[in-house]
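Comments concern the structure below.
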Amino acid sequence: MLAKMRQKAKDLLSSGVVSTVIGYGEGSGNRVRALFIRKPDDADKLILDERCVQNLAVYLTKREVRALGRPAVVARVPVMRTIQQLMFEKQVAEGEVAVIGISPDSQVLDFPDLKSMAEYVSAIPFELSADEKAAVEKLEKMTAGERWNFWLDVLSGCSKCYACRQSCPLCYCERCTVECNQPQWVSVPSHGLGNLEWHIMRAMHLAGRCVNCGDCFRACPLEIPLNLLTQKIITDIADKFGGADEYALNAFKPDDKEDFIR
Amino acid sequence: MSEFEPKIIAFVCNWCTYAGADLTGTSRIKYASNVRIVRLPCTGRIDFMLLMKAFSRGADGVIVSGCHPNDCHYTSGNFHARRRWIVFKSLLDFMGIDVRRIHFAWVSAAEGAKWAEVVNSVVNDVRALGPYDGYKNLAPIAADWRIQDAG
Amino acid sequence: MTKIGYYPGCSLLGTAREYDESLRAILPRMGVELVDVPDWNCCGASSAHMLNHELSLSLPARILSSAENKGITDMLVPCAACYNRFVMTIHELNEDSKLRARVADITGLDYRGTIHPLNILEFLEKRTDAVKAATALPFERNVACYYGCLLVRPPTVMKFDRSEDPRTMDDLMSAVGANPVDWAFKVECCGAGLSITSPALVGKLSGRIIENAVKSGAEAIIVACPLCHANLDMRRSAINKAAGKKYTVPVLYITQAVGLAMGLKEKELGLHRHLVKVRFPADRGAAQAPTHAQPAADSEPAQTEEA
Amino acid sequence: MSRIGVFICHCGENINGTVDCAKVAEAASRVPGVSHSVDYKYMCSDPGQSMIKEAIKEKKLTGVVVGACSPRMHEPTFRRACAEAGLNPYLCEMANLREHCSWVHEKSEATTRKAVDLIKSMIEKVKLNQPLQPIKVPVTRAALVLGGGIAGIQASLDIANAGHQVIMVEREPSIGGHMSQLSETFPTLDCSQCILTPRMVEVAQHPNITLHTYSELESLEGFIGNFKAKIRNKARCVDEKLCTGCGMCAQKCPTKKISSEFNAGLGMRSAIYVPFPQAVPNKPVIDKDHCTFFQKGKCKVCEKVCPTKAIRYDQEDRIIDVEVGAVVLATGFDVLGTDFFPEYGYGRYKDVINGLQFERLASASGPTLGVIKRPSDGKVPETVVFVACAGSRDPAKGIEYCSKICCMYTAKHAMLYKHKVHEGSAYVFYMDIRAGGKMYDEFVRRAIEEDDVKYVRGRVSRIYEEDGKLVVKGADTLLGHEPLEIRADLVVLATAGVASSGAEELAQKLHVSYDSHHFFAEAHPKLRPVETNTAGIFLAGACQSPRDIPETVSQASGAASKVAGLFSQEELTREPLVAVVNRTAPPLYSTCTGCGLCMPACPYQAIEMEEIRTRDGTVVKVAAKVNPGLCQGCGTCVALCRVKAIDLQGYTNEQIYAELMAL
Amino acid sequence: MGAITHSRKSNSLPALLQKFTGVAVSRCYQCGKCSAGCPLAEEMDYTPSRILRMLQLGLDGHEDSILRSFSLWVCLACETCYARCPQEVDIPKMMDFLRAESVSRKKVNPRGRDLLKFHQTLLDSVRYTGRLYEVGLIAGYKARTLNIFQDLMLAPRLYLLGKLKLFPHFIKNRKSLSRIYEKTGA
């Protein structure tokens, strides 16, 4: 379906519907990189294979990218979910972005508008894969002490390079709270405390928003499984609130479970 | 060194629990002096990071308390807070943070006795757990604070 | 066949034999089989309760523990007095962990709290459909359902039915075709424990109950407690002496009434063991509901003879 | 650099008895930024306040911390003192050394240490306090009165007579409330309807009062001075403009055996009905649950007989929007239901009735035209037993409180009975006689001395029927606690007054507090008895707790004068403790990302989106903005904002953080 | 006339009652509902609310009168009082306590001694056989109280009706019962 995708990109550019197509291209050393296609002829540089998993929606909120004019994005399901979430959060409006959708079985999807894309992607159940579930459960089964040591161990190498944040399409805030020093919400040094506070805050800020694209984990130079945290929250929200809310943390049910409150 | 006395920080809403704690006072019901209350307008105002900062400041236990469901002065602040706590508490537990040190309660303005009971039971529980060294040792700076407190 | 734990209690082996007999007679019709609590002892009755608090908990606790060890979860206790002791014991042990430890030390047995005692009314109510299905000869009589103290009080602990105006037995009797009368002494005290020591007093207390039942048009009084039965049946002469009347209204265990409705023989149900003959006015096929304002003027002569 | 003044109050021995106040003041003086620290016996006294004022002027203080009682007690006092000395009042904070420290802990070093901590923490907070200016909001000069009983009637008339608009909402088809059901009133025995109905008519005719009967409050939004209410006018199925109140419809209605609410179940009414002859408005409603046409699709007799063709079967509920500046809650009370007294056979025996039913029996307009007849067979009872405290003062039944009115109306009932049945016997079982009030005790004595009502001190244990009589088993605790039995013909239970049905839902709708019995809570039990916790909402009558007519009327007038006071100003000042979304220099303009996730969390819909424009009008950013008139300052949005773009004045992130870090 | 010479001594009856059973006599507001509903009030020398009043007031001689009263023995623990008490005073529990005190202080009412003996006989029977043996109970009780002829007429009839067994049933593990009796000091 590669050809169809390239043709679609070409059409979008040549018709002037978009000025940029954000897709995947060959990088150095068998790596895939994000490709910004500006001319129809360059569309043939686009590739699509199992290595193409980066969440390209991350570029949609960047000032520099916006300056290029209206973009189209090559979007697998997690990317489409991201765009849906960005729409909900008023960061992307209908008409601002075109989507070259890629279905789970790698078919190219045509969407007349973002609304139809949102409908399409909403129909696909949002849940963790069996492997992801197993990983969360494995940790849940440990004792609290074991979990503590586990996180102390995996976070010990974190140098707070913030690659996780940069790669995350939903971490679009222009001034991240971690940079706030009045008050200093997150301890600056990358010692145990600073790292823990950062990762707790990151996870909580993504609670109810994260689309589980996995880019944070892929971006981490130390391969810290920090997406376990967001995955845990995804299962919690589904289990405890039924997952029906658009954003679980600004909604409530009067009978939300409160067995832990005395 | 005498018996370990835990440091407990309580985040409470102004309308129910703070007033309830006032009633504890006017009723002259005694409770452990280990607790320090931080007054906020509503449980909805309680940022989850405040809880983390309490621990980093050397707290051994934290109480979060506000109005009973349906009694919120602002109608729904406590409902929002409760959702946040559900997610947050589970996340902390998942990270191995000792959630036995975080206590959530609804204490109304009429429940002066309950407030004393909550404080006493939290102080006893946390005293039994011992100092939260695991957290305090995360950063060298926390130890400095403790020295300052002792002096 | 459903198996269910069974604690008959001392009375059902003695003065209340017919209660045990009639229960065993009706059970097969409901597909229930009894599993006796092994080597059970007396619950201590009101005597332990009156004199020694720890003893009054330890005797039932021993029974509860041995039942639990046998794997019994639901335990049928037909005697209302024993049942009351069990529920009270469980309540106290659950409320107070120190007491629980103390009792465990006394009995040398661990009470886990997995057992659930059932009184006869609860037990039958759950099987109302089976009882209805097995009804062959509707018990078409005006009956006064007498609950006594022990099933319903104290309400905060017993948590059974409405403590002032219970309905369970009335509903069961309706299910087997009887007409339960609306009367005022459903939960009055019959004098229970004074049966042996102060028969005259019992005569007075139980007499009021019989009087109100008869005035309300009852042709039979239905009970669910051996103590109530003992007082209303065995003490009838004392009652009549105190009242200056000759009440002949029979007193039946609920199991006997249900058994009659199932078409069982009087002997199977132990009716011959009663002091007051179980006899009904023969001319009446179906029961007529007496109107409330006219307290059963028609049935009274049949039930009372001037002494 | 901050120049903070610290003032430690001894509160006599209340604080100083447990906390070493001098030591606290001394410890505070060593905190960087503190330039003045003293302790004094009574800070709230005039000399105490003067100390603060002088220190502010002399030491040029930039902030004040008062360590004293709860800020809920004296924060306004000290803030006012600061303002008088020229310091912005919001630069003053209190540390709660009394309720949260000295009163709840033993005298010890640890308690003093805690006091020091509390002071230090407030010092750090106050260093970051900003001067704030009160918010001004306009006032809509119209009042919403909920409830059309005597409380609502009095409040409405008073407000309307002061020249303001009143919108009165009553859920029943007529105004009048429980007072219209009463026969005669204590202690004067004047006829209730005779004194009430003129007031009802006055309400209906008053040019400043808009009456909505058979209506309920749907929702209330907004805040003091600026409420928006939705009122549901339930469909009467009668065109009120055309209807002349001739009564033909009710007369011809074939469904007549419906238990009458007005007669407390002792009389019957038709499916289309006016609750009672003096009803205001005198317009019928169709009770759809019992109307043959609505239930079976056939009948329409009323339509046929109506001379003005006013019947409208297809009428639908209408929702009306009104804007008001104040609300008076006057929703009254109910009497306890039959479920509570199985031992008295209430609900089981027809001749065991409640006090309200007795009122109807004794009322000349009642089902027996004022002749006392027992419901079961219509006989005049020879012996009547009145049982006081039926449900009241009975923690086991969940009601600990005294219903306050029963002692008086029971004496009245017994008296009325004896006046009507001279040869009859009246017994009153009571625990205490509570007859405080002008001419009240005299009234009770009259019942006992002149009308020979037998008062028996004791509670009734049980009532049962035997031989056509009600056997009342009681005891006389004045006579050696002997049990006694009275065979009565009629028993009247003085059932507890309980909160009106739906009171809890209404309170939640209005955001007012209520107690565990669902009675609405006053803002202060002594000093603010007619106000609620929610500014602009006032209380009148038995919705607050059971009370009699004189007390209800005075409270209603009190609430009305509060409303009139509020309406005497064109605008209100409000505390500036509201949320604010930051605005920063370009190119950021605000750290707010405009994600809008805070909006649904706001209970007051106070957050909106604002387009930030450059001077030439180009939109450079869309960011959240808080309407300070609507914001009540809960701060839920603040905790929700990931980027901390919203902050709450008076409880800013920086302040709370500093406070916490000093603990 | 009674005089008040002590108030709230820690060894006063009300204080002991509260300590061991949690029943606070101050809860009682003297409405008399317990006495009104008590089926045995007429037999009592002091009705329940009066006992509570005496405990509340604590005049000299009150405690002694209570402990020597017949009320303690005629009370059947039918729980009617407690079920209806508006202040939830657990009167039956109070009666249990007062009865035990009366026994331990050797102040049992002469008319109560019969009842005490009855209960003791019953408990003895349970102690040695494990179960209640009705013939033994009646015989033992009648022997203890010398009321040999009371109920003499009833027993043969009961026997004929198959209601009385001539021999007691012994449970197997009687040792476990001895242990219970020893440990509870019964």
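Per-chain residue numbering starts at 1, and chain names A, B, C, D and E are given in the order in which the chains are listed.
Criterion: a residue touches a chain if its C-beta (ideal position, glycine included) is under 8 Å from a C-beta of that chain, and two chains touch if they have at least 3 such contacts.
Bear in mind the structure is a predicted one, so any value in this text is a computation, not a measurement.
Q: Going by the stated contact rule, which chains contact chain B and chain E alike?
A: Common contact partners of chain B and chain E, which must touch each of the two, are D.
Q: When every step has to jump to a touching chain, what is the lowest number of steps that links chain A to chain C?
A: So the least number of steps between the two chains is 2.
Q: Report which of A-D and D-E is connected by more C-beta pairs in contact.
A: Of A-D and D-E, it is D-E that has more C-beta pairs in contact.
Q: Taking each chain's centre as the mean of its CA atoms, which one is most distant from chain A?
A: E
Q: State which chain is most central when centres are taken as means of Cα atoms.
A: When every chain is reduced to its C-alpha mean, the one closest to the whole-protein mean is D.
Q: Can you give the whole-Å distance between the Cα centres of chain C and chain E?
A: 23
Q: So, what's the distance in Å between the C-alpha centres of chain E and chain A?
A: For chain A versus chain E, the centre distance works out to 76 Å.
Q: I'd like to verify one number: the distance from the centre of chain B to the centre of chain D, where each centre is the average of its C-alpha atoms, in whole angstrom.
A: Result: the chain centres lie 32 Å from each other.
Q: Quick one: report the Å distance separating chain A from chain B, using the average Cα coordinate of each chain.
A: One centre to the other, that is 34 Å.
Q: Considering chain A alone, which of its residues make contact with at least two other chains?
A: If we look for residues of chain A contacting two or more partner chains, we find 185, 249-251.
Q: Where does chain E touch two or more other chains at once, residue-wise?
A: As it turns out, chain E has residues touching two or more other chains at 80, 88.
Q: What residues in chain B touch two or more of the other chains?
A: Residue numbers touching two or more other chains: 48, 53, 70, 76, 80, 84.
Q: Show me, using the given definition of touch, all chain pairs that touch one another.
A: A-B, A-D, B-D, C-D, C-E, D-E
Q: Applying the document's contact rule, which stretches of chain A touch chain B when the two form their complex?
A: Listed in rising order, the residues of chain A that touch chain B are 139-140, 142, 144-152, 185-187, 189, 191-194, 196-197, 199-201, 203-204, 207-208, 228-229, 232-233, 236-237, 240-241, 248-254, 256-258, 260-262.
Q: Hey, which residues of chain E end up touching chain D in the complex?
A: Result: residues 29-38, 41-42, 46-50, 53, 80, 84-88 of chain E touch chain D.
Q: State the interface residues of chain D toward chain C in the complex, per the touch definition above.
A: Residue positions touching the partner: 342-343, 345, 348, 376-377, 464-468, 471.
Q: Of all residues in chain B, which touch chain A in the complex?
A: Those residues of chain B that touch chain A are 48-49, 52-53, 56, 69-70, 76, 79-80, 82-99, 103-106, 118, 134-135, 137-142.
Q: Per the contact definition, I'd like the list of chain A residues that touch chain D in the complex.
A: Touching chain D: residues 89-91, 172-177, 180, 182-185, 205, 247, 249-251 of chain A.
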